[in-house]
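When the chains are written out, they are named A, B, C, D, E and F in that same order, and each has its own residue count from 1.
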Amino acid sequence: MTDTPLSRPSGRPASALRAVAITRGFTRHAEGSVLVEFGDTRVLCTASVEESVPPFLRGKGEGWVTAEYGMLPRSTHTRSAREAAKGKQSGRTQEIQRLIGRSLRAIVDLKALGERQITLDCDVLQADGGTRTASITGACIALHDALESLVASGKLAANPMKELVAAISVGIYAGQPVLDLDYVEDSNCDTDMNVVMTESGGIVEIQGTAEGAPFSRSELDALLGLADQGISELIAAQKQALAC
Amino acid sequence: MTDTPLSRPSGRPASALRAVAITRGFTRHAEGSVLVEFGDTRVLCTASVEESVPPFLRGKGEGWVTAEYGMLPRSTHTRSAREAAKGKQSGRTQEIQRLIGRSLRAIVDLKALGERQITLDCDVLQADGGTRTASITGACIALHDALESLVASGKLAANPMKELVAAISVGIYAGQPVLDLDYVEDSNCDTDMNVVMTESGGIVEIQGTAEGAPFSRSELDALLGLADQGISELIAAQKQALAC
Amino acid sequence: MTDTPLSRPSGRPASALRAVAITRGFTRHAEGSVLVEFGDTRVLCTASVEESVPPFLRGKGEGWVTAEYGMLPRSTHTRSAREAAKGKQSGRTQEIQRLIGRSLRAIVDLKALGERQITLDCDVLQADGGTRTASITGACIALHDALESLVASGKLAANPMKELVAAISVGIYAGQPVLDLDYVEDSNCDTDMNVVMTESGGIVEIQGTAEGAPFSRSELDALLGLADQGISELIAAQKQALAC
Amino acid sequence: MTDTPLSRPSGRPASALRAVAITRGFTRHAEGSVLVEFGDTRVLCTASVEESVPPFLRGKGEGWVTAEYGMLPRSTHTRSAREAAKGKQSGRTQEIQRLIGRSLRAIVDLKALGERQITLDCDVLQADGGTRTASITGACIALHDALESLVASGKLAANPMKELVAAISVGIYAGQPVLDLDYVEDSNCDTDMNVVMTESGGIVEIQGTAEGAPFSRSELDALLGLADQGISELIAAQKQALAC
Amino acid sequence: MTDTPLSRPSGRPASALRAVAITRGFTRHAEGSVLVEFGDTRVLCTASVEESVPPFLRGKGEGWVTAEYGMLPRSTHTRSAREAAKGKQSGRTQEIQRLIGRSLRAIVDLKALGERQITLDCDVLQADGGTRTASITGACIALHDALESLVASGKLAANPMKELVAAISVGIYAGQPVLDLDYVEDSNCDTDMNVVMTESGGIVEIQGTAEGAPFSRSELDALLGLADQGISELIAAQKQALAC
Amino acid sequence: MTDTPLSRPSGRPASALRAVAITRGFTRHAEGSVLVEFGDTRVLCTASVEESVPPFLRGKGEGWVTAEYGMLPRSTHTRSAREAAKGKQSGRTQEIQRLIGRSLRAIVDLKALGERQITLDCDVLQADGGTRTASITGACIALHDALESLVASGKLAANPMKELVAAISVGIYAGQPVLDLDYVEDSNCDTDMNVVMTESGGIVEIQGTAEGAPFSRSELDALLGLADQGISELIAAQKQALAC
């Protein structure tokens, strides 16, 4: 895709990701711990192994992968109320953590995992748009490392992760499809779409919302093209991180 | 689209909607009250007008449209716990009511609505798959009627609804794209997608999830084609209901 | 009792019930499902069978009958907040569901029921006064049908319901005892009393409240007389519904 | 009424109250503070004056009287969970505090009270049956004293309490109507009824429940007779306390 | 310590406790029940024995002692909201009940207690400063009595309480260290410290806070001296109560 | 103090702090943002300025400083439940955040701050003992930077921080006083004490608890000596961080 001239607030070409960084082993207690950065968005993703499964799965010989998501109160431009103090998680929080969980379950052979659960905690240290896509991308690597630790300790014969998964946002900003929206772009775009895809190009999730005017089928096609390209680059970054 | 031979549990052809019924004026207190039926799925949608807006909009001269969603405990095959008794709404409930609200705001000129709020309550009396898509489709008509009541009482000069909106589910069942999944089909499909579109063919929301294997771009295209057709039929049913 | 001339807002004679309708099989998943109507008051009562009992009854060889009550947000003249969204049930809701549960347990042989629980969900679709009395009257039939389903499936040898139960409100409106108050009458009466009686004329519950001036013993006697007559008519309506 | 021979667990004649004690000024901060004892049941009732009313009454020139009820965790034979720790009040608690509030509002001229609220806190220090009837009987005196303090401080020209109110339980124990049930009697009776009456003999509340077999109209009449007598004795005890 | 001239609001010398009263057997259901008074502060402390332990201790052959704390809404100068109605315990409440529990566990041989739990409920009937120190001092005696009841019933061979424990507040009022602050003094002091000590002079807890200016090491020493003296007097009062 | 030979799990001499690191500007949105490390304990402290005060201070011309505390679920050795998901903050969390708030208010001239509030969020990224003392030490610098930003923007004429404050833990491990307990030492010590002191040596808070045997006055003196030394070193580290 050739980028047409466009003045994004970020100054990036329409099809350019922000700088991506994936740091493994960021904290020491978790079986997997990754700091993922999409530009100024920074999310700490930890993977915790528990040798039991939720009640609905007990005795079925299958494992489970789930996720929880949170934003530190001052990860945002102005301070947000702490959900633990308010006594409940917002609808947005629950929507995001359900999305992360589904995305990761799509790439794990849950039967091969056995009766254990892995919980991915994605906590946003600094937010600048795209926290859910960064979370999925980083949590995939934390999950990988936790699964490797099970192999290393002899609890699993092989890593039950089938392939990598990553996520990116696309949107229509000032009438033009753009990749990887930061906070300013996200607040001013007409359409916002999050796409989750696997290493082999399969679509796991697609969630598009017309914030302003509805979007057309051809705009959707352009957005999907951008997402496909962005996810290829993210998968490459994940592979590079795993190679270290 | 030509339907290939397929044995759906419902016995319907791949591109067939269930019987759709839209009954206006189902209850008497609400400004708009619609019973919508997609086969055995029955949802009561009421629209309530309130002459004030949420705090974040006060003094801006704009209105708001929001939604709440609930399932009666025994609308489902086995009884579900009552959310009021549990003391909180599930993540699923919140996700759905946020989706309904966004879908309806997309078709209303909120400035023309003025500083008032309309709340759509979508309560599922009987569930057989597709409760969120039925809710959006029915709530659109309840909202229409509530807006008409504002015109009739002279509070609004014209109905600020720009066009109709409807929603339908599509999915890949036994390897083949099908329209309007019922509960049994939904529980056994590989991919489940909800599409919200306007009368003029604009896409408002698209939410697709690979429950089993990821789906390909060509499968996505087929699903979008089915959804487009289904929504045209729903819009026709809405228009017919409004003509009564 | 001879009705003295009186101008009730409803135009009904002092001793007249509103039109009563009892529709069985209103929804399809529940073991018992009844739509009960007392004039404009419409309540959906479902009975759900569960093959276990609450902890305090485990191992005692006895069953349990319990009830939950709710009002759809726009069942009322102006919209009421959704209890699931507020995160708790009001005192009024809890009082009513406890009353319904006690009333129904009074007519069931809990030992004969065996270690299973039946939950009656009474959800008000449209409210115009008397929702708790309509709930008891309709839930009795839903419970009957659920018990019959246990007999039909061979789980019970005989229906453990000992007799029917029904409930009605009486009150002192403009100084005169009247039967079956609608919303307008209820809001303006001095005394409001709910009476629950069995088919054989036994009193199960009596709850009378002086909203304005205290009432005398002779007024109480007159109210009880009206209630006795009204309940006889409701029991007749229940029998007719069961005969269909 | 002549007492027929009967062996009550308490050893009392069927129509005998337990020893009643009403101690004013039990604690020092509240505008009214009464320890009321019905035998071993001991309830601390305090009345607190607040110079504002709940939102629904603002600007109407009327006052409000409300009540809250609680049991200390070990007021009971075995320890009950603390409601503050559980995070919610039980349905029973809410039912009782609503009853106390209604009973007291019935004897106060709320317009004469002016825009202020009086809250009665009824906290059970020791429970042996009849905590709600003792609460009403004691709270009436605490309320009286709080109203007197408003007169004494010149905020009110006259005490707006119209007359006294008291409450007692009656029940059918071993087939015979008895007055003022203690815990053991209450746990084993067939019918339990609470009656609230004013000094002048008006009925304010009547709440009767058949715990076992339904009760007949003649049993109801006998219970009402006993209650009438018991309340006369309680009113006399209240007057004596006020005379000190 | 010689008292220098000082005008405390209470008129007490700097090193004087308020009048202390410890009444055993204040209520009848609890295994231990003590009303403790430090001047106008009155706390009801009950000890309840339960023949099981919390999950984290099951099967370890050890017992547990825990505490809950509450203030009646009108124990205070102006009415405080009821925590059960607000739906949660304040941070202050939780801090106090954790302190009481730790203080009492320090003097009990939990292994000798066996797998049972004793819960101390400390409910403030009237507050005038020092409710947490009065609670610890009174709860120690209630706990003693509950343990004695286990010995009396043959469940324990010997009382597993190792020694007595008591608590007192000290503070710097108007520049001078004083003992046992009442509400007025506490509200106006610069430093407030609570000290928990055993009969043998060991320190169990020390919690000092500079409300205004930080305090020096020599001030701390003076406060500890006062506390040591006050606790000796409280232990003496406890022993006298046990001797009755 | 000369360190006697002792085998601490950490291998440190009894009076040695862990490596301390204070990184300013760790995240970009907050007015003050500090990552503080005490060995493996890492806490992110942000300071957020809000131009309003809590209700109890409105119109008094004074400011407020408050704190919230949280642990990321996998900051600990085994995963802890997320407080936002559980719907409430534990007693421990509330105790700690109240302590942090009091400690910081002690060093700020709240009148000079004017009617604005500064909230310190202390979120533990990795825990290894001493999270509350690290939080206070780091939050002091985040608060300093936020106050400087108010000076820089002309909202304050001078920084209202009177002096620095820091905190450290001390305890009795294997019979000997030691400084700055890590997780293993903390889990096995007999006495645990947290001390908060200012730059000028004033004591702000002292909280000591005998986990096992009570401690003596001479042990307390030794602990206070160690704390005094440790805090001097922390204040030096704070000054060095501010000098960068």
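Note that a residue touches a chain if its C-beta (ideal position, glycine included) is under 8 Å from a C-beta of that chain, and two chains touch if they have at least 3 such contacts.
Model, not experiment: these values are computed from the prediction.
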item: For chain C placed onto chain D, the superposition rotation in degrees, Cα atoms, nearest 5; value: 180
item: Distance between the centres, which are taken as Cα means, of chain F and chain A, whole angstrom; value: 33
item: Between chain D and chain A, distance of the C-alpha-averaged centres to the nearest whole Å; value: 60
item: Approximate Å spacing (C-alpha centroids) for the pair chain E, chain F; value: 28
item: Residues of chain B whose C-beta touches two or more other chains; value: 87-88
item: Category of the chain touch graph - line, ring, star, complete, other; value: ring
item: Cyclic chain order - from chain E, heading first toward chain F; value: E, F, A, B, C, D
item: Chain E residues within the chain F interface of the complex; value: 88, 91-92, 94-95, 97-98, 102, 106, 193, 197-198, 200-210, 213-217, 220, 224, 228
item: Chain D-facing residues of chain E, complex; value: 27-30, 33, 40, 42, 44, 46, 48, 50, 68, 70, 72-79, 82-85, 87-89, 93, 119, 121, 123, 125-127
